[in-house]
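Labels run A, B, C and D following the written order; every chain starts at residue 1.
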Amino acid sequence: MKNTAVLLLSVPMCLARKGVVAAISQFLVAHRGSVLHSDDHLDCGRDLFLSRLEWDLDGFDIPISDFEHHFRPLADRFLINYHLALTDYRPRMAILVSGYDHCLADLLYRQNTGELACDIAIVISNHPAARPLAEFYQVPFHLLTRPQDKRESEREMLELFGQDVDLIVLARYMQILGPEFVAQYLLRMINIHHSFLPAFVGAKPYHRAFERGVKLIGATSHYVTAALDEGPIIEQDVARVSHRDTVEEMLRKGRDLEKVVLSRAVRWHLENRILVCQNKTVVFV
Amino acid sequence: MKNTAVLLLSVPMCLARKGVVAAISQFLVAHRGSVLHSDDHLDCGRDLFLSRLEWDLDGFDIPISDFEHHFRPLADRFLINYHLALTDYRPRMAILVSGYDHCLADLLYRQNTGELACDIAIVISNHPAARPLAEFYQVPFHLLTRPQDKRESEREMLELFGQDVDLIVLARYMQILGPEFVAQYLLRMINIHHSFLPAFVGAKPYHRAFERGVKLIGATSHYVTAALDEGPIIEQDVARVSHRDTVEEMLRKGRDLEKVVLSRAVRWHLENRILVCQNKTVVFV
Amino acid sequence: MKNTAVLLLSVPMCLARKGVVAAISQFLVAHRGSVLHSDDHLDCGRDLFLSRLEWDLDGFDIPISDFEHHFRPLADRFLINYHLALTDYRPRMAILVSGYDHCLADLLYRQNTGELACDIAIVISNHPAARPLAEFYQVPFHLLTRPQDKRESEREMLELFGQDVDLIVLARYMQILGPEFVAQYLLRMINIHHSFLPAFVGAKPYHRAFERGVKLIGATSHYVTAALDEGPIIEQDVARVSHRDTVEEMLRKGRDLEKVVLSRAVRWHLENRILVCQNKTVVFV
Amino acid sequence: MKNTAVLLLSVPMCLARKGVVAAISQFLVAHRGSVLHSDDHLDCGRDLFLSRLEWDLDGFDIPISDFEHHFRPLADRFLINYHLALTDYRPRMAILVSGYDHCLADLLYRQNTGELACDIAIVISNHPAARPLAEFYQVPFHLLTRPQDKRESEREMLELFGQDVDLIVLARYMQILGPEFVAQYLLRMINIHHSFLPAFVGAKPYHRAFERGVKLIGATSHYVTAALDEGPIIEQDVARVSHRDTVEEMLRKGRDLEKVVLSRAVRWHLENRILVCQNKTVVFV
């Protein structure tokens, strides 16, 4: 079990140039924090310096609960916008699913074998079909009381989550969530869309891909925003198809894509590797 | 040098089921035509049987110029829609190019080394830059007289082509061609579009891909139809990008994609491997 | 549920040229068998014509149990070596697994959702860990009695299989099977090897890939033969790695490869798409 | 034209932990050097901290020719092993080629269009075929006087290079170079091998890939060392093949791989993105 801290930060370029890296490195060295990974990105278009730093907490001489207090002067001096995460904290994840359960099965398996460093707080569905799978992995399952009432369902979910959920994963959840719900979990809710966005936004992308005669199909994981399928893209991948592939075969190939593309996004989020800059992601891998 | 014939055909499914394969095979056997490759596809959605047959002309006991005469009764009986091509015929290709010459350089090299079985009749451009490259490969080069006059340029090109051009390749030709021009070379004109269609139809796709923050960029080769970037797709491929890639780096990665995706489409067309069914291609590879 | 028959066949080229396609097509037409898919391959190096034919049994006027009787004269005339399979027969599959259960979990899920058209007769392991997963999917699980005794274990397995198992899948089974065992299931036993064969034959391929500093890792599914990791390759795929990937991360990326590469091979085998020609596969997809 | 400096460095981990990043950052800030890119890697297996730093020389207040003098105390304190490169220096590249000229044509085109920031000092071949291509791009071409005498040819080349060549590219040069020659250009000579190493070391890899029945073919670019095809791998890529692909078609698909895989390695080397650590590369991209 790693005992490390991760700092995700952004700094206005003009200030970054005045030595923010030197200052932060100096700060960590002074407190005996040994850097394990660091990765930077200068986003020239937006005049921001972005960085992810991971350091060893063994030997770090500030109690991590006091980090804010010690780091504040530096943050103020360089206008550092930052997020601190501790590797030994296990985020709590909720999974929403509808009829197709391949992404759910995949996430449950990965979590169970330790590939995803989180706890699964709850699986929620508008179908009872996913219950046995959740129970096999000893994860609480909740069937929405009135799934056809979207507003009521959202209220029900928010109540279930309370303050207890760090990340929501839409694992082929086929309902569009309302703006208030989305706003509460902004950049904390990941969806898998079964197309290579921005191609085939919306419903039935494989059918439309078949109609258009594309030679590759894709899947896209992204943070959910108020605009449908337009949130910051985290990951995409594609698979080759040909005239021999029916819609059913595209659905089958697509399932393998969706599982991999969604699980990568979830893992990167859990490992605090993603910074969002306007509507784009910087993924430090 | 191969001495073979290729038959591309489509047959209504209801008639195909009554034994069109048996009948054609029988016909070839009867005339001592040894089949080298055959590939079929049942397009259930459109109720068509599609096929590509290649057979050896050595020993075939019908003079190929009389093929039509001998095959006609069979074609009439099964309502076979067919196209016969001879492998020893070298199609004549015209290449249209604007400022970017990477696809042109690639096609000239491939033709020169025998990878593309065709003659290059002419290279036409609205820029003089491509002339030395064409001349190095001893291919006629024509600079459009009044490139800013689209209608006049199209007339000029049609005159240059006469009856002498079998295939037009738009190797990053940045002018939209008018419907009359397109109609004359329907399914005989291939374009490379520098995006993963149907994403980013139209101008500046790499810039828009950068803005959207996609994680893969693509290229698409397709037959040109009257509707911009909506013709039957022949081939597509993608390359991975990340937040580190500027638009310039996307352009660079894209060039490698465009060359490969265009040259595959051109080769398949020249080898008579493509059947178009409504707005989709069947590529027999 | 499809009611079709598949014929996989090979014919000496010299005889094939005398009209085997015409003769077989004629035979099927005569008996009202409507061909749904046909795919051919001329393997010039080995002078064989290989083919896969699938036709509709609705309306086929020979009882399929009499097929042999009616087809025999044709087979004799052209020296056709053939295998007939009925789509409505569900092959029975045994899965052997050791400590890593990701391929097992994947196969069970795919079978359960109908992606693999087979019954899973039994899961056998030298570890008890896989039992709950097998039981969840209601598949018989057998723990080898004396796993450290290889000869005894093989005898135990053969007894369990009886005449009842059509296909054995080694889903990361970490024991090398003896030649007698292999001989009994020749071309009916599929292994997943966690490297891009022929690179890294044998043990600990990811560690050796890491040591060598390769930039892609791979997985290979193949039929098991007496020579370790040298059987006919069915499918391969790769994933990109970099200096950032530790052996553990290669193992993680490799698991996704292994699942996909093994399940494709199993599906193709179950769908009667594979012909083996000397030590190579022809996969009709 | 960029006016930047790149520092590639390695530091023993135990010293790196004592604040090497802070010290170097501080050094650059003190001299008004604004960092544009930085990328780190902790190679735990070898206890080394590796880094690539690029900073703006506009405003940097040390004349770059005095860098060594100013940086030395820091380097001594942390035992920093470093290489400084200036972006405005154009390395001089020699290309060696035999009968196949596709990689040569590709490199010449890329250099000509500015994709490779170098000058091509000379093209050397044991065949005259490449001369026109070199001349078209106005690059000196030298035909080896006695190509069958390997020792003499190596002496001839070394004389031609003098002190004037920074990088040698073996663009499908089919002679094995002797250890003395290799030693002189260690980590400054890049080869393209037409297989997915370590599979198919040595001659005729596509033929052997065909014989083995692999489903993917590959290409590998690597630094040349005394052991054949065993130098540090810089880049690899693969393309899908099937039973339909003859050796000739593998050769064709392979050419596209080789061009891309070699040109990436050359570009990364020219951009000072590669550090070699024992027999593995760290590629900062």
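Quick note on the criterion: a residue touches a chain if its C-beta (ideal position, glycine included) is under 8 Å from a C-beta of that chain, and two chains touch if they have at least 3 such contacts.
None of the values given here were measured: they were computed from a predicted structure.
Chemist: Please report the smallest number of touch steps linking chain B to chain C.
Modeler: Minimum step count, chain B to chain C: 1.
Chemist: Using mean Cα positions as chain centres, tell me which chain lies farthest from chain A.
Modeler: Between chain A and the rest, the longest centre separation is with B.
Chemist: Return the distance between the CA-based centres of chain A and chain C, expressed in whole Å.
Modeler: Result: the chain centres lie 37 Å from each other.
Chemist: Express in whole angstrom the distance between the two chain centres, defined as the mean CA positions of chain C and chain D.
Modeler: Centres of chain C and chain D (C-alpha means) sit 42 Å apart.
Chemist: At which residue positions does chain C touch at least two other chains?
Modeler: 244
Chemist: Please give the residue numbers of chain C that touch chain A in the complex, ascending.
Modeler: Of all residues in chain C, those touching chain A are 102, 105, 109, 113, 115, 132, 136, 244, 252, 256, 260, 285.
Chemist: In their complex, what parts of chain D are in touch with chain A?
Modeler: Interface residues on the chain D side: 17-19, 21-22, 25-26, 28-29, 34-40, 42, 240.
Chemist: Of all residues in chain A, which touch chain B in the complex?
Modeler: 41, 43-44, 196-200, 212-216, 218, 232-238, 242-244, 246, 279-283
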